[in-house]
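Down below are the structures I want you to see.
Shared between the two complexes below is subunit A, which has subunit B as its partner in the first and subunit C in the second.
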Partner chain A sequence: MAKKVLVVDDDPDVRLFNTTVLEENGYLPLEAENGEEGLRMIRAEKPDLVILDVLMPRQSGIRLYRELKTNAALKDLKVMILSGIGQKTFLRSQQALTEFGENPVPEPEFYIEKPVDADVLAATIKKAIG
Partner chain B sequence: MTKILLIDDEPDILRVLSRSLHADGYDVATALNGGEGLREFGRRPVEIVITDIKMPGLDGIEVLKRIKDQAPETEVIIITGHGDIDSAVEALHFGASDFINKPVRDEALTIALKRARDKIDIRRRLQEYTHDLEQKIQAATTELRRRSNFQAKLIRSSNDGIVATDEQLKIVVFNPGAERIFGYLQDEVIHHRYLPDLLPDEPTGTVQRAMMAPRSLREIPWREALIASKSGERIPVMFSGSILYEGDQKLGAVAFFQDLREIKRLQRELVHSERLAAVGQTVAGLAHGIKNILHGLKGGSYLVDVGLAKKDNEKLRKGWDMIRRAIDRTSHLVMDLLSYSKERQPQFEKCSPNAIAAEVCDLVRERALQEQTELVCDFDAAIAPVFMDPHTLHTVLLNLVSNALDACLFDESTAKRWRVCVRTASEPPQRIRLEVSDNGTGMSAEVQEKMFTSFYSTKGHRGTGLGLLVTHKLVEEHGGRIEVATQPGQGTTVTVWLPFRHEAPNA
Partner chain C sequence: MKIRKLLFVTKFEELGYDALKTLLSLRKSDLEHIVFLYVIERDQVAMRRGLGYQKNEAVRLKEAANIRFIDWAERLFEQGMEVGVYIQVGSLAAEVAKAVRKEEADLVVIGRSQKTAMEQFYSGSTVIELIRRLSVPVLVYKPVSESPFVTGTPFQRPLIATDWSPASLRAVDYLLELKPLIEEIRLVHMVDEGAIEGSSVMNAQKTRKDVKERLEEICGRFISAGIAARSHVYVGDPEEEIEKAAKECQATVVVLGSSSKNLWVERWVGSTPRAVAEKSAFPTLLIPPVME
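Let's turn to the complex of A and B:
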């Protein structure tokens, strides 16, 4: 059975790009347009991988990533960040939240900065979940 | 112990007196004649000499003269025969301190000795006092010299140029600091030139006025001036001066100059490096906007490739749409960049600010509805059509309202009913106030600091980081003002004041 990959991004063009890459490479794509909706779908669909944008309305990727990694039931879910902001900025904002007294979270295993070529994206997904 | 030399040719008197003096606590030496006495005095000087006046050989007057010759401070008491007033007067004339009559009575001797001792005492104290005074004068002189040296050195070594003049403003002090700034050597100016020769007109006038003015005007406060050096170089300086007084008398003037060349150079460097930093930030911000667009282009071309390969028209169309949107975004970015980088004079036209605000609200109403944000319009009916730049008004309001909507859209709070409020108000005589407030995310101090000065976006693909830069620039070009009040988690209110005209400019 095809592996499920959830794409969380508020930009419909990015979702379309990512889901097309996923389909073309034999995965089953799912979509959510913000963190809130993403979390709902993760709980309902139990995907194998989440491809997560950082700057989104309603609930940002920073917040969703933190929720996933500090939730015992979800912390093993594989997460790939795909964002226009650099990895350093992402780590810095996570660190800031930790300094505010929240639980520390591990660095994301997979981080891709936009723009990304379809074959790089596909290769990274393959590396993550086979 | 006071030492006494007793001289008398009568051994009995000598014996009795010496014993009595000894008993009174004096250290007594004796001599039987003048010659012996002088020899004894030469060997062992004493404070008091008591000598008989009538003696064979050297008599008392001679002894007195020689002793006063040798040691003028010695007190000499003469013993005279009863009623021998002439000798007594002669003795006093030669400096005897006292005389006593024969036969020598103890009380008379005691009184004479006490007087002699008092004199010695007073003299010693006077001597000590004089000595002390001399030392004090010496110390004061040294201190004075030291201070005047110090002041001279201070003036000499001051980095500032110091120029002092007499009452006619003729230069009398010109320190090396002044030489460095003006390029003249002190020999060229001291007693040869006047302060006004060195200064441009404006500070010269000030100094001359201060010189003429009543006592109350003594200080010329620091100000910048541009002086011309000997070589003709224009040198920026800080200048201050004061009029020097002694009592009520004007003595002259002193002027201080600080060389600002280095400071100006550093300021220029600072501006330059700030500009470089701004360019760096601009490039970083621009790169972010372009990265998002590139991502869209890559996505679109991928979809087109897939569509072509599979003859899938649906994918082809979607890919092409993506590319078109990326092109649109590129063109927006470029237009924003252009309007940000280009100087633009506002075009004053007759327009209705309320109608423009209403237009902007209409443009975003659909979007607000979709994002469940209430849009409230509150326009001041007192605003009549006026002359201002409708493009500025439209762009500024549209930017602010879409920022306010974004602030609500990006708000992570779940308990809020989001609301964006657009207000216009008339501020007589010639301004209107535009106010756009939201109850969205608000801004941290860090974001607030960057909002008008750099290319900065918190909105991912939705922002180019240019909106507020353009807004700020348009407001400034229109002669207006913009203010922001914000509270993280509570929302933001941006207020813009724009001046208008009642009639067409240059009409």
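Let's turn to the complex of A and C:
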């Protein structure tokens, strides 16, 4: 059975690009428009990988990543950040939240800054979940 | 009425990161989430005679806005803030209302309207259109460089101009929630010149005393909450007197309840909140009445 990959991004063009790459490489793509919808789908669909944007309405990828990594049932879910927001900013932001008293979270295993090449995206997905 | 989430509506020229920075003082209260909204007005990209919908122009404007927002968002994320973005093609008031609903924002911040008097007459005032559609307060931000009288952060020394309307009394509850930001509140009421014209000195003094008593009652609520407050009575045209009071009190923001006049009366006759929001040198916070 094809592995499920959830794309969480508010930009429909980016979702279309990512889901096309996923389908062409034999994965089953799922889509969500923001962090809140993403979390609902993660609980319902239990994907093998989440490709997560950072800057989104309702709930950002920074918050969703934190929710996943501090939740015992979801912390092992593989997450790839794919965003226009730089990796340094993502890490500083998580550090600031930890300094404000929230639980520390590990660095994301996979981080790609937009724009991404289809081959690079496919190769990183393969590295993450085979 | 806490301000946890703020919707920052910008076209970049009139409201930039410097404005946003002064609003970050709201973090001392409850602010944790900022949502940016950039609206590409339909007439910028659509319905041009012979051209139809200019998709490439819409994409260019969207991407330019996105690049600006990514830069702003990075600075805010690094401070541990939560940030979101909407870039939409449509009408400003409608898109602001949609974003407020989706995000459940507690405060909308907009820049001063750039419309000319004629444009305002035909299409209406953006501020008034917004306040009509929204149940949340709207802060019409004016940069410090434009207002020689304003120094400090926006909620440091608010001036509440009350006409005793439910909306202006609601402003009191709103400001009580912002206690950590407030140094001192000034409360003013503008007595109509007609109310004292031709009356005896005693009657004029009685009017002043009655108004002062009502104002002091409200000041008492602030003082009990640990916020310094003083009251003042002015006589004359509300728009001019509010400006005068704001200067004399070195206010950092003027707070008013929004008008309950209907759309056509508003367009023809205008209203004090609209006039102050659009003409005053001071940032203006408009509090809507409770929607039924």
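Observations on the structure shown:
Methods note: the second predicted complex is superposed on the first by the 130 of 130 C-alpha atoms of A that agree within 3 Å, B and C clash if a C-alpha of one lies under 4 Å from a C-alpha of the other, contacts with A are read in each partner's own complex, and residues count from 1 in each chain.
Simple rule for what comes next: a contact is a pair of C-beta atoms (placed from the backbone, for glycine too) under 8 Å apart; a residue touches a chain by one contact, two chains touch by 3 or more.
Predicted, not measured: the structure shown is a model, and the values here were computed from it.
In this superposed model built on subunit A, subunit B and subunit C take up the same space, so to speak, and clash. In the superposition on chain A, contact is made by A:Arg63 with both subunit B and subunit C. Touch criterion met: A:Gly84 reaches subunit B and subunit C at once. When both complexes are overlaid on chain A, the residue A:Tyr111 reaches neither subunit B nor subunit C.
In the superposed model, B is the one of subunit B and subunit C that contacts more residues of subunit A. Contact with subunit C, but none with subunit B, is seen for A:Glu99 once the two complexes are overlaid on the shared chain. Applying the stated contact rule after C-alpha superposition, one finds that A:Asp53 touches subunit B and leaves subunit C untouched. Once the two complexes are laid over each other on the shared chain, residue contacts for A:Thr20 go to subunit B alone; subunit C is not touched. Aligning on the C-alpha atoms of chain A brings subunit C into conflict with subunit B at a single listed stretch, 271-279, out of 163-171, 235-243 or 271-279.
Judged by the document's definition of touching, subunit A residues 10, 54-60, 63, 84-85 lie at the interface with subunit B and also at the interface with subunit C. Residues 10, 54-60, 62-63, 84-86, 89-90, 92-93, 96-97, 99-100 of subunit A are the ones touching subunit C in the complex.
Chain contact summary for the complex, subunit A toward subunit B: residues 10-11, 13-14, 16-18, 20-21, 24, 53-60, 63, 83-85, 113-118. On the side of subunit C, the complex with subunit A involves touching residues 35, 66, 69-70, 73-74, 77-80, 82-86, 99, 102-103. Residue ranges on subunit B touching subunit A, taken from their complex, read 288, 291-292, 294-300, 302-303, 306, 315, 318, 322, 325-326, 371, 406, 409-412, 458-462.
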